[in-house]
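A, B, C and D label the chains in the order they appear, each numbered from 1.
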Amino acid sequence: MSGTEYVNRFRERVRYADVDPMGFAYYGSYLRWFEIGRTEFLRELGTRYRDVEESGVLYPVTEAYVKYALPARYDDPIEIVTRLTRVKKASLRFDYQIVGVDGRLHASGWTVHAAVDRTGRVVRISVELVNLLKCANASPG
Amino acid sequence: MSGTEYVNRFRERVRYADVDPMGFAYYGSYLRWFEIGRTEFLRELGTRYRDVEESGVLYPVTEAYVKYALPARYDDPIEIVTRLTRVKKASLRFDYQIVGVDGRLHASGWTVHAAVDRTGRVVRISVELVNLLKCANASPG
Amino acid sequence: MSGTEYVNRFRERVRYADVDPMGFAYYGSYLRWFEIGRTEFLRELGTRYRDVEESGVLYPVTEAYVKYALPARYDDPIEIVTRLTRVKKASLRFDYQIVGVDGRLHASGWTVHAAVDRTGRVVRISVELVNLLKCANASPG
Amino acid sequence: MSGTEYVNRFRERVRYADVDPMGFAYYGSYLRWFEIGRTEFLRELGTRYRDVEESGVLYPVTEAYVKYALPARYDDPIEIVTRLTRVKKASLRFDYQIVGVDGRLHASGWTVHAAVDRTGRVVRISVELVNLLKCANASPG
């Protein structure tokens, strides 16, 4: 099973707390936005990551990459564009773009997640999640 | 039992991540420093807040106050000065000062903590912690 | 001139990045939400805090207080309720409530802000802002 | 000019504010630690990043990558190990390891930085910084 064509778009805004002394979004803030993106991706599909975790399978980040293009300024509205680009037996990959309202790309990146149980052992992605992601695949955004 | 005369002093530095577009420490960063202050206060007394929590009694913050005096700039070294100023049956109060290396006061404030069990019910402060804090009282810093 | 009756309500959500090991929103996260609240308060009145700063008068926080009532959990939707409760010659005070979707109060608090110029000298609140806030007073929310 | 053999080691601790509901360091916290690592790397060489910026050349992050190995827990002491692994005409690359006191690797990663002036235009790395980095090369850590 490869990734899906489904795309989630979520609006956020660069807050004072997110900005560094250069007047631009701190480079770590983008990982917060990526987290929001994948959470809202799953919510729109009909599941909450909180419930996923409570069912016993966690999906911690094993790799993260960000390419910074155009700095986002304080109070800029941004759009977090999220795609699920890989689903394997025991891992997922999400791809992200942080886009300004004018359509310009602020940053892009991806995260890889392993499926683990509460003891940290690698497990298979849950059947419920696989089924949900298949639906996503069938309904391109 | 009133507070103690024991004082903990802990060195930190204002990081890029802590600073806002004005070039000064973000007002929320001070609560992070207060947290570091009380953790190091307890560590110097001989206990770890992590162990305290694992013993079953948590001390969530019920009130926090900060008075901002002089802005701290990016890369400034700061000293977090922490005192335990009140110990009641089921609550604690810590007082803090954030001081520059030149001795100037950046901010002062306090936090109040309730003793609760894992279900959130208010309980008495643990005997171990009371004994520890009595020692602090007997050895002014 | 006293405060206004105007009320801003803004929806946010507790993010993974906001939550502490107890599973609840970190106590510092509330100051971030207060910042969002006053920014959106001004935006709904028709001004952007970014433009206010660019006009040369800054409004740094001089005092902040939070009273924590009921912990907010990861992924909980929250409402930031913001009121402007005091307008003096050279200072402002905002009051905040963080409310769950069920109407229960998670926390309340306030911030005081001084009007200063770029050199940090206390100045009068700008006429534009005073006029704007008078309008807020005349149109209770 | 390739990278240097100089290594900076800096001690930090996982704070409550850094930790997520799983009880482990939030994945974004590592970018904060990387920032601390490169700042302390430069400080030990004899320059402050604050002074570098004030001289007119900024070094914003253009790419960041993190590989997460073993989760770091609340209150764990960690060591940030920083190397400068590439120096080009207009860019730098730092490599990092986050290591536990027992020597186990929590995470590794790297950041790439472009040299830009205050208007955002790409410029050459300043002569002062190049000379400083040459010294680092000559004195392996």
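Here is the rule we use: a contact is a pair of C-beta atoms (placed from the backbone, for glycine too) under 8 Å apart; a residue touches a chain by one contact, two chains touch by 3 or more.
No experiment lies behind these values; they were computed from the predicted model shown.
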Pair of chains joined by more contacts [C-beta pairs], A-B or B-C: B-C
Chain located farthest away, centre of chain B as origin (C-alpha): A
Geometric centre distance via CA averages, chain C-chain A, whole Å: 29
Distance between chain centroids, defined by C-alpha means - chain B, chain C (Å): 25
Euclidean distance of C-alpha centroids - chain A vs chain B, Å: 35
Chain D, residues touching no fewer than two other chains: 16-17, 21, 28, 32, 35, 74
List of chain B residues in touch with chain A within their complex: 16-17, 19-21, 23, 26, 28, 74
Sites on chain B touched by chain D in the complex: 15-17, 32, 35-36, 39, 48-50, 74-75
List of chain A residues in touch with chain D within their complex: 21-22, 24, 27-29, 31-32, 35, 53, 58, 60-68, 71, 111, 120
